[in-house]
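Two complexes follow with chain A in common, the first pairing it with chain B and the second with chain C.
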Partner chain A sequence: MSNSTIIIALSTITTGIMLGTIFSLVAVGVTIVYGSIWMPNAANGQFFLLAALFAWSASVSWGLHPAVAALLVIGISVPFSWLLEILLVRRFYDVPNRNISYFVLTLGITQVLTGIFSVTYGVWSDQFQLPPIVKGVTFLGPFPIANNRLAAMLIAALLLAALFALLRYHRYGRALRAVFQNREAAALRGVDVRAIYRMSFILGNGVIFAGGVLFAFAYAVDLTVAWTMSVTAFAIMIIGGPGSVVGALIVGMVFGFTQAIVSIFASPTIAAFSYLGAMLVILLFRPSGLFAR
Partner chain B sequence: MTRNGLGGCALAAGVALVLMGGTALAEDPVKIGFVTELTGPWAFFGTSCVAGLKLADAQINPPGKRRIEFVTIDNQTQPAQAVAAARNLDVQSKVLALSGPTSSDTALAMYGYAEQNKVPFVVPVAAFPQLTKPGSRYTFRIEPDAAGWGYAIAQFVAKKKPGAKIALVYSDFALMRAIAAGLKYSAAKAGLKIEPEIVFPQGSNDATVQAAQVLAAAPDFVVPIGAGAFDNTLTNQLLDIGIKTEQVIHPFGITTQVKNWGKRSAGSYYGTFFDSNLDELTPEGKSFVEAFRAQNDRPPSYLENYCYVTAHLIREALDKDPAAADDREKFRDAVAGLNTKETTSGIPITFDKNGARKEYMYFMQIQDVDAKGYKAKQQFYIEWDPEVIPVYDLVK
Partner chain C sequence: MMPKLTRWWPHAVFIFAAFGTPVMLSGNRYFAFIAGITLISVLWSTGMNLLYGYTGLMPMMFGGIAGVSAYSTIGLVAVGWSFWPAMLVGSLGASFIGVILGLPSLRLRGFYFTLCSLVIQTVITLGFVYFVNLTNGDTGISQIPLPGLPGGGRLSGLAYDLVLAALAVIGVILLTLIVNSPLGRRLVAIREDDGLAETLGINVTRQKLFAFFIGSMFASIGGALYAPYVGFISPRSFDVLMSLNIWLMVAFGGRGTIWGPVIGAVLLAPIPFLLQDYYTIKDVVYGLLIIGVIVLLPAGIAGGFKRAPRAAKPAALKPEPAR
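For the complex of A and B:
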């Protein structure tokens, strides 16, 4: 096998893992919130972008080490989400068909954040690049990969594993899954459903923030990324099955690899809509998603 | 008082009123509607343009001359909003002319309005060729057309290495397609080879696989034409995979782009129409760079320069024919007949019958990049007639 072939093959694999882990993180964040409180969070792309831009401010403008900036931003997501939950989200917990109300609410949040970004970051620059967490390049055979990108990929994978373990083995995770499956039965078993709602909203947004920060380490960011990520996260959630964390995880990885592989055998243009086409086909046969309960 | 006396007083009062009215009229500022992108995806370009424009205010409005006032309106980077603002400025504010857009989409929308309603339209920064398509009468474009940029790149590469192979990688936006079309057409004429040609859809964020394909094709040069953040990602991923900086030719580079490409891009080339590192800036150009840097903490690029130049160009047209200040046709003729130079760089400004400017481009090589700015060295300069290649047929 020639060096060129090896380089192309390894670039495809690493791109698949990189995109797949980021897509999965964001989609898992969206699906945790949807599964627990039935909120189709239309603002997920803006939250993702908010995290990336905050990290940029903290590292470039304030001079913090990028790793510290990343932790700070993910930490900020907790009071940010808590405040949103107190001010807006909890008011709809008992509203019938609240998913529609939540969708409209989060569209409003999207508009507000879009406007704020437009008159702040949008005026400061047309692109935002975080300094690398780790410098240098590692060679996988003949294929060079930036250490920064490798680090972002590993952290994303570790976060996904930790999230999976939390939901699978921790008491909170079991309570959350119980609420996903049947909130009345969970309440009868002593689960504080409202507390789970609140924690889900905070955890889901925290995961989206982490996705945004890691994305900004691997790629430059501009204000348009919010829309792209929002559409992708929803597509993954719908194919995986709304509320299915495993579905979001697996389909997110499949999306990442699909984009990488199709872009080499067809073109980047076809790759960009290949997974949306796949979504339509899958929904024809499995309208409730691949991993719906 | 006699009847004659009363009549005399009335006459004197009447004359005084007419004179006062006349004086007031003479002191009314000349209004120019400046419809630009202050919010939306193109906000950075619109606000940067306005920052450049404002620096020209003192020079174009010296004491004793009729004041030029730019009425700035945000088009939200939306063509429909741009047309609505243009109509409002035309009908309500009675502006003499329109200007301001920095995006080809909003500029094209305003172009339709301006040509249809015979409002002179001076476009500072928009490169889509059809803005000066044959038959255009009221539109004047300061920036060279994008297909021409492709022509300039081909001439630069042909000079550096005759018969070279160029890898062309670009985002699927109108501007990028126009540059690519001009490059492909001109490369064939200049004996250059384009291989591979890779197009990315809007919203792309990863190019690792395509960077590997480019490396495998072993080109002499790579022309990456990304949009927004993807431009930076594309550049980094090309360099990550082993493309040398000396192989990379960016068609254009504004300050934020060059700063984000960073120190690792030292050695690569970018095209531009104005740069703080140019060999021959005029004294006014140097003052402009310093004033802009002091206010914005970064040097200006061609974007800000064109908006600054637009203000000067309007002043010159009004100086040339003071009657043009109240007559759109005369103003249009005054602009069309200008034979002047950019006050910042001394580059000539003349317009052809369609309002396209005699075109030109610099190619700079990045020397160093730091937090405050960057150093670049001028490597190549070229001027050409807008229709040296069939720009209006290449890009519809």
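For the complex of A and C:
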């Protein structure tokens, strides 16, 4: 193999892992919320972008250390989600067919945030990238990769592992999965369903925020990423099976690698077409997804 | 069965207002233009009302269908067709595409259909951006010529406004006729429970596809006339936010009533123009209105369904509130 082949291969693999972990994080955030509250969060891409832009403001405009800015943003997601939960989300917990109400509600939030971003950040700049946490470049054979991107990749993978462990082994995770499976039975067994709803909304959004910050460390962000991310996360959730965390993980990684490979040969639009096509097929012929729980 | 003549007085008022407003505003081209856009929005929201209000489907690809019609009409005009046959072919074609895109509604319900139509809308928008040689991509098509008239000259100014008024009036009357016919009652039966409607001998497939054909027809005629009226279209003109805004007009006014969506369009369509310099705030305003409608006004300002949808569901479906 010549050097250039190795470079292309390594670049595809690292991009695939990077995008895959980010996609998985966001999709897990969406699927946790859908699985428990039955809320399809169409605003996930806007939350993702909000986190990236806010971390940019905190580190570039206010001069905080990027790591501090990242932690601050992820911390802020907790009161932010809690407030949304109290103001809007809570009202629909007992409404039948609430998924469509939630869908429209989050589309409304999407539109509000789109408008706010376009008159603020859209005016200030085209591209937003966070200053690196770690400087320098590592060589994997002939292929150079920024340490910063490696760090973002590592943190994203660790977060995914932690999330998986939390949902599988921790008391809260078990309660959450009980509510996923049968909320009446879970309530009878003494699970506080409303508290679980609130926790999963906060946890889901926290994960989406973390995904946004990590993405902004690895790549420059522009405002159009929000809608692309929303659609991609929905595609991952539907294909993996709504509410299935394993499905979101696996399909998210597959999507990341697909995007990395397709981007070499064709435009990202082709990748988007292929996701959307796959999602349509799954919706029509296997609505419970590939990894139905 | 035709309803009694006395029940048509709101239509008379509407006809008077639809034709009178452009005439009254003809002194000021800007206000007349706002009135024209509002009339197109009335046509669009009336078509959306047939689907969302009466058939119980919530398509998010409405704007995309209008866009297909607008782009194909302009494309045909650009290759030398005259406007009216181009519009006929463009809007009929877009309506058939609307029927095909409505096919998933036969398998999917509620949120899953809406999500599916949102995906379709996104694909259409990406298509508008991607096929640059047909649509000129993100730059959009500008300086669209006004429709030519058979006797020479071009449709413009007040005459164009009156054509739009006539179409809005025809749309509303057509919807009234459909709603008061057996077909309308079958659609309402499908909205309430399509499984039950099927057991009662209603051909759900045919009714749903018919509703999609008529609804898409409203969307595509509106789209074909919108393009020369504004003179500029881009993929952004027919994106998901536009579909959402038309949905908002219906939901805000009151779905499942004839006049609710008309009122919704009249109240909401002028907002972006009245904001003028703060035009970009319109997304925030519309977004807040969507949230407000969902949270505070599920039946819209015209009252919507006589049976409140929440109370209508059997109590057994309600999950027990946990403490």
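Basically, the second predicted complex is superposed on the first by the 274 of 293 C-alpha atoms of A that agree within 3 Å, B and C clash if a C-alpha of one lies under 4 Å from a C-alpha of the other, contacts with A are read in each partner's own complex, and residues count from 1 in each chain.
Keep this in mind: a residue touches a chain if its C-beta (ideal position, glycine included) is under 8 Å from a C-beta of that chain, and two chains touch if they have at least 3 such contacts.
Model, not experiment: these values are computed from the prediction.
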First, second, both or neither for A:119, with chain B first and chain C second: both
Touched partner set for A:141, first chain B, second chain C, both or neither: neither
Contacts of A:75 with chain B and chain C, given as first, second, both or neither: neither
Partner chain in contact with A:269 - chain B first, chain C second, else both or neither: both
First, second, both or neither for A:224, with chain B first and chain C second: first
Which superposed partner A:94 touches (first chain B, second chain C, both, neither): second
Contacts of A:283 with chain B and chain C, given as first, second, both or neither: second
First (chain B), second (chain C), both or neither touched by A:12: first
On chain A, the residue positions that both chain B and chain C contact, one per complex: 115, 118-119, 227, 269, 272-273
Chain A-facing residues of chain C, complex: 58, 104, 107-108, 110-112, 114-116, 119-120, 122-123, 126, 129-130, 240-241, 244, 247, 251, 280-291, 294-295, 298, 310, 313, 317-323
Chain A to chain B touching residues, read off their complex: 4, 7-8, 11-12, 14-15, 18-19, 115, 118-119, 122-129, 137, 143-146, 149, 215, 219-225, 227-228, 259-260, 263-264, 267-269, 272-273
Chain A to chain C touching residues, read off their complex: 40, 88, 91, 93-97, 99-101, 103-105, 107-116, 118-119, 183-184, 187, 191-194, 227, 231, 234-235, 238, 269, 272-273, 276-277, 279-280, 283-284, 287
Chain B to chain A touching residues, read off their complex: 39-41, 43-45, 47, 172, 198-213, 215-216, 228-233, 236, 240-242, 254, 256-257, 260, 262
